[in-house]
Amino acid sequence: MCLGIPGQIVAITDVDRMMAMAEVSGVRREINIACVLDGPAELLVGKWALIHVGFAMSLIDEEEAAETLRALQELGEAQEALEAMAEGQKALEEGKP
Amino acid sequence: MNAPTLSRLRDTRVTLSHGGGGRAMRDLIDDVFATVFRPPGMEDQARLYDSALTEPGARLAFTTDSFVVTPLEFPGGDIGKLAVCGTVNDLAVGGARPLWLSAAFIIEEGTEIALLRRVAATMAAEAQKAGIQIVTGDTKVVGRGAADGLFVTTSGVGVIAPDRDMAAHHIRPGDVAIVNGVLGDHGATILAARGDLALSSDIASDCQSLGHLMQDVLAAAPATRAARDATRGGLASALNEMAEAAQVGIEIDEDALPLRTEVKGMCEILGLDPLYLANEGTLVLFVPSDQAGAALAAMRARPEGAGAVAIGHAVAGAAQVRMRTAFGGSRIVDMLVGEQLPRIC
Amino acid sequence: MKFASEFRNPKAAQAVLARISEVADAIGATAENPVSIMEICGGHTHAIFRYGLDKLVHEGVEFIHGPGCPVCVLPMARVDECVEIAEREGVIFTTFGDAMRVPGTLKSLMQAKAGGADIRMVYSPLDALELARRNPEREVVFFGLGFETTTPSTALSIQQAAREGLKNFSVFCNHITVPEPIRALLQDPHMMLDGFIGPGHVSMVIGTHPYDFIAQEYSRPIVVAGFEPLDLLQSVLMVLEQIRDGRAQVENQYARVVPAQGNPVSLAAIADVYERRPSFEWRGLGEIDASGLRIRAKYAAFDAEEKFSVGYAAGPRHVPEPEGCSCGAVMTGRIKPTACAQFGRGCTPDTPLGALMVSSEGACAAYWQYRGARGAEAAE
Amino acid sequence: MNAPTLSRLRDTRVTLSHGGGGRAMRDLIDDVFATVFRPPGMEDQARLYDSALTEPGARLAFTTDSFVVTPLEFPGGDIGKLAVCGTVNDLAVGGARPLWLSAAFIIEEGTEIALLRRVAATMAAEAQKAGIQIVTGDTKVVGRGAADGLFVTTSGVGVIAPDRDMAAHHIRPGDVAIVNGVLGDHGATILAARGDLALSSDIASDCQSLGHLMQDVLAAAPATRAARDATRGGLASALNEMAEAAQVGIEIDEDALPLRTEVKGMCEILGLDPLYLANEGTLVLFVPSDQAGAALAAMRARPEGAGAVAIGHAVAGAAQVRMRTAFGGSRIVDMLVGEQLPRIC
Amino acid sequence: MKFASEFRNPKAAQAVLARISEVADAIGATAENPVSIMEICGGHTHAIFRYGLDKLVHEGVEFIHGPGCPVCVLPMARVDECVEIAEREGVIFTTFGDAMRVPGTLKSLMQAKAGGADIRMVYSPLDALELARRNPEREVVFFGLGFETTTPSTALSIQQAAREGLKNFSVFCNHITVPEPIRALLQDPHMMLDGFIGPGHVSMVIGTHPYDFIAQEYSRPIVVAGFEPLDLLQSVLMVLEQIRDGRAQVENQYARVVPAQGNPVSLAAIADVYERRPSFEWRGLGEIDASGLRIRAKYAAFDAEEKFSVGYAAGPRHVPEPEGCSCGAVMTGRIKPTACAQFGRGCTPDTPLGALMVSSEGACAAYWQYRGARGAEAAE
Amino acid sequence: MCLGIPGQIVAITDVDRMMAMAEVSGVRREINIACVLDGPAELLVGKWALIHVGFAMSLIDEEEAAETLRALQELGEAQEALEAMAEGQKALEEGKP
């Protein structure tokens, strides 16, 4: 029961009922923003949220996202370095340049 | 356009009287349907002749489909356009030249006559574009609640040239699978247009006739083995049926699949797989690899095939469809079980 | 798609997979003696198969598919109760699409609909609420189904209905919770799990602390994970690293979405509307203490169980699981779906026998659809 | 009969899953429809050949009709029988030899699968009797309330022999009008079977194929000018359309009209005119007077024509239908306006 | 058909026709100076055209088609009120088929049905009663329409509904009476009728005495007639014989069905359920005193006018007849349908302008259908 | 509003609601017999009634029917006699036998 996807809040549609318009890849749907409301609703416009069954359940922390990606990238670089080392080692062993 | 003739039809909505077999029915047919078909008049029975029929070895192609879409009009088309394109495409993917259509209308009491006029006009325009004639028809009216506005059933007759023999069982390992454009637009459009999921987007149906495209492909790549339009059940169902008919495996490449961003978005939201979304102007064909380039070039030369790409190929082995995922994994693409339901898990 | 496609980069995956292999080798994990990691959430199961992760990871890593599909664990008796409510005169029964095909003892909601019940698929409980507003002469019932991820949405909908004074809206509450069945699994003497992938979207609501007992009491590592393939691979790596290091901690791979303390608005709404049932039945697992929620008395007007006197409000009932079903064994990781005698024979997605064949999140259905459809290859 | 094969179809009612384009739909088609059609299998597209097509001067006949009857099963037939006979008859009255049928099914969610089996079996039996093959088909499922159980659309293809040219406009004054049997049985049967008028009787629909009958008539009376099946709108509508097409008057004799007592009774009760009641196995044809005897004899030699009688003739003058009443008077038999409604005034 | 086909014998007809000619000649009736006989009942009009009697009888006998078609004389405003009731949420509106196509100012019941109103054709008010029993949550309204022939059926149905305590059944009462408009016609200074064919089925309910005033006050012969062609011809003969003999009496040709005193059960039911309205509007004839019935206060619960506050219960209203309509002149015998400027032009059965083109009993519709369809011959 | 036809009462179906089955040329329909009830309902079985909108409105008087037919027949016979006389007269005038 956990299908959730990131969507951007593009407009507040009904302040009283805490409703906003969200957009996912060009597809729009009205959602409830009660769970992510913390101050004036307008401040949410432009923000990204994790959307589940028509509710914004959590604001996406862009810094944490970048952090995770950075970690993954470092892993990749480390791996490339390791592979390069391994190839160098191999070339060395086979006597090629 | 002819000057508008004086219409005997004064109602704005269809009543049961329009289905009673009397003058009101005649008026509806004459006024709404007969005027836009070619040749004018929707005869109870058409008498047809085409010289291609008498060529030794020529065969007749015959196909039928009922169309039941909700809503009746949607971005990119209406039920009439679907009904013409769908049957033209069924003839075309079988290697036939589409010649004649019949059109049978089941109309719910209360349906707006203006809507019927629009649908009939679409059908006339689409038939002309596809080079096919709507030669015979029928109209029935059912009570309110006994139908969902309008159902259209078209049947098509075409001619298959003497040397032509396309069939799914001809597919051989190594043949290249080609689609003419993006996948899932029609299915996604209808999901959004229906309104009950409260989704909106700018997607439009891909609904289009593929008769001319097929003729060009067959001229450029005469060894084309088989083609199928990926309608209900989507590309996945078309490929599975082909794999089963030919008893070959089919491997496709997720990265190669042409998909619009919005269609992907709709699938993410609803937990759907675009491979199972319906198309109404998208076909998949198998060509021996040495003619794949020619087939692609012929398709890309037409607007209906501008987005043509190779998406995979047939392989020896079990009759199943397998997809290399963009992520580097691989998974079976099975036939759908029932209809695809929006998921939230 | 922002915050999604970045986490599907195959190049980065190669690196993570290589590191997983390194660590797995370091631990000494082999195909014969694998590290068993349970992904609790059905959404993770789905992603694993969709991206073919199970075949990409080192052969010493085995995924065990957990009980985290709310449709799969729904007892047949509850489906029967849905049908009973849906078939009442004047009722519009609303549900997520997932639940439509789940078999009850006599029929599924799909079949009840074909038989004449007014059953409508909705994307959100908000849509059910809107139906209630537009059909004041009808009773609109929403099938409240799901883990903590979904519970806030029905709680907020009930609060909204109460604010508006809607008299014709109610929820048939089947909300369940994640920690309790995990504890039950860990108490199982047959249990042989080495670590867990924690449910990302449940955790965005409840935070990460409810899993502390897994690390502290049962000494198993758990990493709360996102749903993209890189999220999952990174989380597997993190679990393996804990194992290699002899650690057992609650880690959060999905920090971009999951705050350690969860979502306070959601938690408050849940606490306001719901309370724990003494016990709730899980398909394949049996009764689990305090694992289900019910609507509090102050919202009884919105409780379909009270309104229609069905379910727990109608007294005890039990429907035995179908014979030959090995769902329990699969769900506790004792056997693979293909080892069930019914798999691909009596039990297929179009005629599911057991719970795990029902939803595309169920382990057996996922095996069927993405790995071994049509029996033959399935039993390979 | 073949040994029953193991059915994959375990449902007793159609659900939306059976229309989704996936395996459930395949199972429904394979199990319910494909097994009873000839040749077995309902291909998406049929490839057809008949030597008669290649005869110089031969033409193709093409026709379509949707069938929407309530109830779906009634004394004397069901919707499937109607759908086969109706289209066979449309081909036959045009002078064509019926060869091939398509059958498209629109099924309401919840429809009993046992009913579909019965309808399919009726269609297979009726097609065999009529000597026509159901060669292609389609199945759609719509939600509950979006259709009235089952609609069937059949299209027919036949071949018209080179020398054959039947058309209503060929009718000349003096030609004899002949019907093959009693009038109004189908319409009266449906009125009673619907149940809302709470009438009961032993009347059964006349639903039957007239292809063989027409072949015999054409052999015996080759100068036959035109024929028409008197379906919706009844004999009155068929005659009016023919009078208009030929620009002749038509005079019929009330005393000569073959009518069952029960049909007369039902018309008296409801204030209806049997001339406007639908028939589904009754045709009217016009023959030059010197071949009328031969045509009648040929018809009476077959069970479908055992009740054949001459009912009147064409006359010079205004294009209208006039009836000599049994009482000695005369009145115009006009085309129906809307549908015929039960009267109590 | 027993008691019907015997009266359709063409051989006997020849004899009656010959006698009619004899008597007509004896009176001196000619085409230029005919005897004008009004058949009051639309059923008689229908039979005259169906059997072609108007062309069979002596040219000195002219049929004038009376106001006896309850559908034809229904004012547009009443049709509008039907539509108004039928379109109410929850209403099942039941009607005889005859009324379906009668145009109101905006639409007919047929068109209202197409627009979504739940309108059902029934054969009998009993069928409406049964619908009410089977649909307790709906309001079932029956369109009570007709002369004294039909009035007992709705009276008995209302009594039955009262006995059963049905709360959801009501009648929209438009019952009218025959004697009053005949009196109105006879008072018309343009009136040139020589005699009447009396309505057989109205008379089986009310008997023959209510026509005494025609003979006694206005010195016109009247013969109550059956509906078979021989019945009608014999009645024409009887009228002619009275004229020849200088008599003016009420005679009963239809004694097999019509008792002189009428039907006591029917009369009692009418008296129990209905009372006379002070006045009722007739299409083409205007308001006629005491010519309509309404439901008595004690049965107000079954009166749709009261229940839905429409019609006379909603206060006065008037809808003018369409322009160019000559229905009044045709109905009083001053002109033939074909003499109306609209006949076959603005006014045809599929697009009726005036009342008489609506029902197949209406004089204009009968002319169109059986004598002169399609304008050309019509105006011959 | 006067479409009435003769039908035969063939069975009593519900004494309390005064309902019976009537038959017209082989077509059956349940009708109300309140208006023609005058004694035990069973005595009506076999009788003919004039039926209108589902109600038996009047019992058909078979003697009166026969009487009317007799009158019509006499008219016919009289007419034939008259015609025979006229022909005889004509023949006489024309000098034929």
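Each chain gets a letter, A, B, C, D, E and F, in the order it is written, and its residues are counted from 1.
The working rule: contacts are C-beta pairs under 8 Å (C-beta built on N, C-alpha and C of every residue); 3 or more make two chains touch, one makes a residue touch a chain.
Here the structure is a predicted model, which is why all the values come from computation and not from measurement.
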Distance-maximising chain from subunit A - centres being C-alpha averages: F
Cα superposition angle of subunit A on its copy subunit F, in degrees to the nearest 5: 180
Of C-D and D-F, pair with higher C-beta contact tally: D-F
Intercentroid distance (Cα basis), subunit C paired with subunit A, Å: 23
Interchain centroid distance [CA atoms averaged], subunit C/subunit E, Å: 71
Length of the line joining the C-alpha centres of subunit B and subunit C, rounded to whole Å: 38
Centroid spacing, where centroids are CA-atom means, of subunit B and subunit D in whole angstrom: 30
Multi-chain contact residues (two or more partners), subunit C: 1, 4, 14, 42-43, 69-71, 96, 98, 101, 110, 123-124, 127, 146, 150, 350
Subunit D: positions in contact with at least two other chains: 15-17, 23-24, 197-199, 261, 264-265, 268-269, 337-338, 343-345
Residue numbers of subunit F (touch at least two other chains): 1-3, 5, 24-25, 29-30, 52-53
Subunit B residues touching subunit C - in the complex, by the definition given at the top: 196-199, 261, 264-265, 268-270, 318, 320, 325-332, 334, 337-338, 341-345
Residues of subunit C touching subunit A in the complex: 1-4, 6-7, 9, 11-12, 14-16, 18-19, 41-43, 68-71, 96, 98, 123-127, 145-147, 149-150, 152-153, 156, 160, 199-202, 204-205, 227, 230-231, 234, 253, 255-259, 263, 265-266, 269
Partner subunit D, residues of subunit C touching it in the complex: 101, 110-111, 113-116, 350-351
Interfacial residue positions of subunit E with respect to subunit D in the complex: 1, 4, 8, 10, 13-14, 42-43, 46, 49-53, 55-56, 69-71, 96-98, 100-101, 110, 120-124, 127, 146, 150, 229, 349-350, 359-361, 368-374, 376-377
Contacting residues of subunit F [partner subunit E, same complex]: 1-6, 8, 17, 24-25, 29-32, 34-37, 48, 50, 52-55, 57-58, 60-62, 64-65, 67-69, 71-73, 75-76, 78-80, 82
